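Structures follow.
Consider the two complexes below, in which subunit A is the common component and subunit B and subunit C are the respective partners.
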Partner chain A sequence: MSNHEKKIEYTKKELPKGFLKYGLPLLLIGIISVVLAYQFDPMRASFNNIIALLVVVSVGMGAIFLVALEHIAGAVWSVPFRRIAEHQGFIFLATPLLAIPIIFNMHDIFEWTHNSVVLNDPILYQKSPYLNTEFFIARSVGVFVLMTFFLFVYLRNSTKQDTTHSQKTTKINALISAPFMVFFAIGITLIAIDYAMSLEPHWFSTIFGVYYFAGTFATAMAVLTLITLSLKSNGNLLKEINRNHYYSMGGLMFAFTAFWMYMAFSQYMLIWYANIPEETFWFLPRMENGWEYLSIALILIKFIIPFGLLLNRNSKMNPSRLKLASFWIIGAHIYDMYWLVMPSYNRMSGTEGPVFGWIELSFIALSAGIILVFYYLAARNKNHIPIGDPKLNRALDFHI
Partner chain B sequence: MSKLYSVAALFNTPDDIMHAAAKVADAGYEKYDVNTPYPVHGMDGAMKLKSSKMGYYTIAIGLTCMSLMLFFMYWVYNIDYPQVIGGKPLFPLPAFVPIMFEITVLTGAVLTVAVMLIFYFKFPNNAHPLHDSGYMKAVSSDKFGINIEAEDSNFDLDKVKAFLSSLGAYKVDEIYFDEEEANTKHKILDTKFVFGMFLIAGFTSLSVYLHMNKVLYMPPFDWMLVQHKVTSQDKSDFFNNGISSREPVKGTVARGFMPYLFTDDPEGAAENLVNPYVADEENIALGKRKYLTYCSPCHGDLGKGDSRLKGQFPNGPTVHSDKVKSWTDGHIYHVISEGQNVMPGYKKTVTRKERWAIVNYVRTLQRALDAKEEDMQ
Partner chain C sequence: MSTIDYTKNEVNVHGNRSLKEIDDLIVAPLDRIPDKRFFIAIGFTSTLLLIGVIGVALSLYYGTGLWGNNNPVGWALPIVNFVFWVGIGHAGTLISAILFLLRQRWRNGIARFAEAMTIFAVITALIFPIIHTGRPWVAAVYLLPYPNQHDIWVNFNSPLLWDVFAVSTYFTVSLVFWYVGLIPDFAVLRDRATGKIKKVIYSIFSLGWRFSNRHWQHYEMTYLILAGLATPLVLSVHTIVSFDFAVSILPGWHTTIFPPYFVAGAIFSGFAMVQNSLIVIRKVFDMNDLIPLKTLETMNKIILLTGTMVGYAYSMEFFIAWYSGSQPEYFTFVNRAFGPYSWAYWTMFSCNVFIPQLFWFKKIRTSIIPMFIIAIFVNVGMWFERFVIVITSLSRDFLPSSWAYYRPTITDFAILLGSFGLFFTLTLLFTRFLPSIAIAEIKAVSEGAQPSHHGGEDHE
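Entry: the complex of A and B
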């Protein structure tokens, strides 16, 4: 409320050691074990690769979305964290590393890449104008290029504003965020459909993109919260950042935890109710051979537990509780992606029931390594606060 | 008799009121409140309020009502009127989830407000000393106020007035209230209140009645109802008997059915009909399944006439009588198709092949319960 222009004292500081200390070993172990996994069991490895890709896209592309969301909504409270989100968006640039092995192994993963199958299957044949290798690659490249373009525009404008303090930049950002929202909505739907839904090419669910988006938002927010908390305790951020700001982060994670359940249940209930074989066959493998326990656990892990962790007002502000909830939400998203992808591995490989072993772990290690190292690369020697943003003073004064 | 309720001070800006609230809290006052025209962010921090417990009540209320609703639906679907709907299980949990969700939200919100009305406003009482004061007028339009109650243990009229002025209040008032008025105990059965309730109930009922019985039958709401075609159960002005559904033309044969030639003629059936199916394992298995479904409730699982209906219906007689044994297959087939006296016919529900299979099964039963020497080998 008190708008007496305060002088913001911000001094640049080295990033916390943890990013490289944990990031590099994880990345190295990840790369080596992933290469081994591809030698050892290419099919299982490529399915896990999809999980890793979906998780990294959530973290990176979700962060670009958070930046755009702030611009388009004219949000104030989140200004001090926008630079962190912008750097986090940089992680999206790692996605080709994960997508290229998938594209080389498409034949192992996607039934619709088998010409003989498609020609003898009227449904796949009708879908082939969309589901074919060339268009698939074109879509992935298109989404990547567009999102990267926006990311760099946001980053450039934002760093420029650090010195110019120009109100105009804020306006331009809001303006370009409107088309971004359209591209983002289409882009994330395409990624969800291409990489996750087309694993079962006969199946369709119009809500699938939103389902993935709900998890994406919560995950991007959770990673943002974790980075914020660690930067804050290392002294990289301003001292004015306090529990009021954390509350909003916790609130958004809480909201999208509930939103995910809403979407997941809407999808499930409609299919359960109509009970027609074209749709139910996607859920059936998830209800047998041990998957039924994982399906029930999904409700617990991705909804009930984080919901309980964040329900209380205080727990949305308490840094250690937030840290726990953030880690939990990221883990739950990985679990959710595993639940989306792996039943198709069962089908394609002729195995039964959920599998878990070093191959799964190696891809999780790789994703974690990528997230830490790419954040480090993006944020090294940069300002962590958009010190030139005209809204910053108001943002620091934020009360819930 | 008028009595001092509080000292109320008015401020011009939200910044002033934040500052004043913090100072009042620091000075150790406990019975005071802040009134603002809109929520001022950070006020609970400035007033050093502990976080409200209301949320716990809300979730407790919501979860309780949710459980009650779940139990109610369970009672309806499983105890009071068990009925399979849409091929779903008797306790279709996913179908209940949206209702449970809505009930939790609705009761949580509505009952929280109701609880607050009762506990904080002492409903049905509604008198508050601040009502009708210039102070309340000001804070409900564009001013920000703070008032310290006389009941506070630190209260001292002159000190409080000086203190509030020193915080920058542009106006400090003493608020008095009429003890008699404030202590009037309104009762739930107050005539005015009851009358008001009746009025509301009457108005609601009337408008619901008019909606459901009149408005819904006016265009455009009746567009789904009024259709330019004959629907089932319609009255007909066209046909003489006034019924718009027509009987099939005499001699019509439905697809997949064979006309039965021996209605009312058991002897004809017995003489002329020959069982076209061989009693092999598959055929008897089919007959057994159909017999257990359609016949066993009256005739018993083994056809001994020991019905499960226990006399609630004329018990089906045994099919092991010499009479039935001496019948030809065609005769039994006839009884299954057309019924016999009170026994209903099954030609509409059981296909021809299944009826013959039942005949074979009845024969099997007859032979099994009265096995001859050579059957044992």
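Entry: the complex of A and C
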């Protein structure tokens, strides 16, 4: 209830060295090895490229969503971290780098781009008004442009507020977040359908967009938590930020870990129970040739372990436990995307069973490099706290 | 448009009352003899209830031939009503458990009432599966699995049985949660009671509560754990209700988004019902300060949010019906929108998706009469949603020669009216016998109750 103006002591400080120290080598190694991968095995490389894209979209677009969520919900506790989320949203700008190679290799990835197949397949032919190259590219560009537009509006408003301290900005942000939510819901669904579901063009599941969103939220939150912890220990943030704030981050990661399980269970359970061949064929390859172990491990990796890591109240407040859980959740999301995408690689390339090697690692390195370097580019020389936000004092006074 | 001061914490309770004044205000309806309006209201609802009892009695005597069910529409209004009422119940637990875990303090004023509505809604819903057994007096024997010498078991593969487990667990946990919240309030009532009988009853229910620090510590922990247990239950109940349909292979029923979509819809209709009832309560009992407009506005925002989620699910279903390339699937959705039941489909769509969009406007969100009307539309829409799902998919199934149009009969409507009668009769009685607002919780969010770093300085 302390509404008295408290002086916020914030001094700008250099970002932790790690962002560039690890980011640049990872990015370089990533780029070089990805180029090699495309030379060596373009099909496998392009499927891995999809995984990388889905992960980076989760981190970037998910962060823009977190910003909008704070505005529209009028959340207070998250205000000190909103600038971090805004800078993290900047990572979304890297997505064209990952999408362009996919678009050049669509023939290797998407069966529905094969004209001869589509013409001889009534179902694919019927879908062709949606699944065709031009509309596919148009949708991707549309989502990218819209999300980028909102990202820059949020960044600009937020930076301006640092000096103006205007309450009106907060209000405008809340207003524009309402249409954002609609665009985001459509956008993330389209990305999930286009880049992941249409890999098996005959398959369909109404929950698929929500499934991807669940993982996206947890991953974006995990990256946000890691950056927060690293900035905090480097002294970039305010001293008032405490375990109560961490608790909320851990709580949200926990909630969306459970939510992901709910989505995954709903999808699997209903398809398994109804047992219609039109739907079950998507799960069948995931239950043979070694994939069955990965499928069972998915439950453990993406649900049971992070659930256990974060269940306890104290563990949500403990920075080192949070760090572990965040890394775990990001890894689990990559694993989930791998599980989602790679069985289609088996089908398209005629291989059997899960593959893992330097090509997979190179795309993970590239994604990690992109995340670190783009965050650095966005946040360097900037305030890491929205010091002009009228809710900041209340947020720092936050206790559970 | 009112301007918000973002530097100030939101005020959840107005009026700056003392603790005793809060007690007096909330307990007042229990102490006085109700006025004429109450008797008119309960007369009306119990008449509805009586109509329902007659409908059920006739159905049990003459059989389900009195209902509109036909072949192929074997499932009709009873399951529509069941799903509708279970859905209504969801708001209560969302408010009392999930919003508690999310530390939404505005919920404190409405949690008790919403939780009570959960319990009454689940009771109302349970009527339908119990009638469904045909011999309600032995329903427990039919519904619950137990070892017996004939080796006859319930069908464990059926989601209808999972419903029995899910709903009864949900009911039990909700009831315990509600009761735990009531204990400190029973103690308040006990301490105020003048009559001997009242005192004894309240003493028993308050379990020796003495407002000691230790009591509160245990209470807080129990409440937290129960909230944690109730949270997955909120999701599981309507998930399993959605399984009743979604595990089948019937187009329009079998779709993977059903579980979260049903949960969102349930919260949507539940909030609309709670909002409607609260508007009446705060007016009649003069509790505008304890349930401020801000609370109703927040509820309207949640109605808008869940309504839009439901809209997402409708659109996704329609899109995937086309995208799947499955002819029966696509036919079912076109048939819903343009077939013989298009009137029901568009009623559902406008009430659930279009009309709640009005809540984008702050003016509408904060005016009592428009929000009341919109919430009624929401409940009409959500009833029609279940009607559309159940009836349209069944009435035109895979075999065109067996297609038939379903019309509810007067008995069907009598039972539907009776369910409203039961629900509102219980709600009205509740407002007379128990405090409609959690006294202890409202004190915790009233002005000056929050710890402060400034040594209890005066706030306004």
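The definition used in the following text is that the second predicted complex is superposed on the first by the 400 of 400 C-alpha atoms of A that agree within 3 Å, B and C clash if a C-alpha of one lies under 4 Å from a C-alpha of the other, contacts with A are read in each partner's own complex, and residues count from 1 in each chain.
What we mean here is this: a contact is a pair of C-beta atoms (placed from the backbone, for glycine too) under 8 Å apart; a residue touches a chain by one contact, two chains touch by 3 or more.
Fair warning: this is a prediction, and the values are worked out from it, not measured in the lab.
K.L.:
Should the superposition on subunit A be reported as showing a clash between subunit B and subunit C, or a fit?
P.N.:
clash
K.L.:
Kindly classify A:Tyr273 by the partners it touches after superposition: subunit B alone (first), subunit C alone (second), both, or neither?
P.N.:
The answer is both, since A:Tyr273 touches subunit B and subunit C.
K.L.:
Quick check on the superposed pair: does A:Ser205 touch subunit B, subunit C, both, or neither? Answer first, second, both or neither.
P.N.:
Only subunit C is touched by A:Ser205; subunit B is not.
K.L.:
Using the superposition on chain A described above, determine whether A:Ala178 touches subunit B (first), subunit C (second), both, or neither.
P.N.:
second
K.L.:
Just to be sure I read the superposition right, which of the two partners does A:Arg394 touch: subunit B = first, subunit C = second, or both, or neither?
P.N.:
Touch partner of A:Arg394: subunit C, not subunit B.
K.L.:
Please indicate which partner A:Gly350 is in contact with in the superposed arrangement: first for subunit B, second for subunit C, both, or neither.
P.N.:
In the superposition, A:Gly350 touches no partner, neither subunit B nor subunit C.
K.L.:
Under the stated touch criterion, name the partner, subunit B or subunit C, that contacts more residues in subunit A.
P.N.:
C
K.L.:
Contacts for A:Asn314 in the overlay, against subunit B (first) and subunit C (second): which applies, first, second, both or neither?
P.N.:
A:Asn314 contacts subunit B only, not subunit C.
K.L.:
Applying the stated clash rule to the superposed structures, which of 1-9, 163-171, 181-189 or 217-225 from subunit B runs into subunit C?
P.N.:
217-225
K.L.:
Common interface residues of subunit A with subunit B and subunit C?
P.N.:
On subunit A, the overlap between the subunit B and subunit C contacts is residues 1-2, 269, 273, 275, 399-400.
K.L.:
Which residues of subunit C touch subunit A once you look at their complex with the stated criterion?
P.N.:
3-9, 103, 232, 235, 239, 243, 246-249, 254-260, 308, 312-313, 316-317, 320, 323-326, 360, 448, 450-454, 459
K.L.:
Quick one: in the complex, what on subunit A touches subunit C?
P.N.:
Residue positions touching the partner: 1-5, 122-124, 126-127, 130, 167, 170-171, 178, 182, 185, 189, 202, 204-210, 258, 262-263, 266-267, 269-271, 273-276, 278, 389-391, 393-394, 397, 399-400.
K.L.:
Please give the residue numbers of subunit A that touch subunit B in the complex, ascending.
P.N.:
Residues 1-2, 244, 265, 268-269, 272-273, 275, 311-314, 398-400 of subunit A touch subunit B in their complex.
K.L.:
List the residues on subunit B that touch subunit A in their complex, please.
P.N.:
It is residues 14-15, 18, 40-42, 45, 51, 55, 59, 86-87, 94-95, 97-98 of subunit B that touch subunit A.
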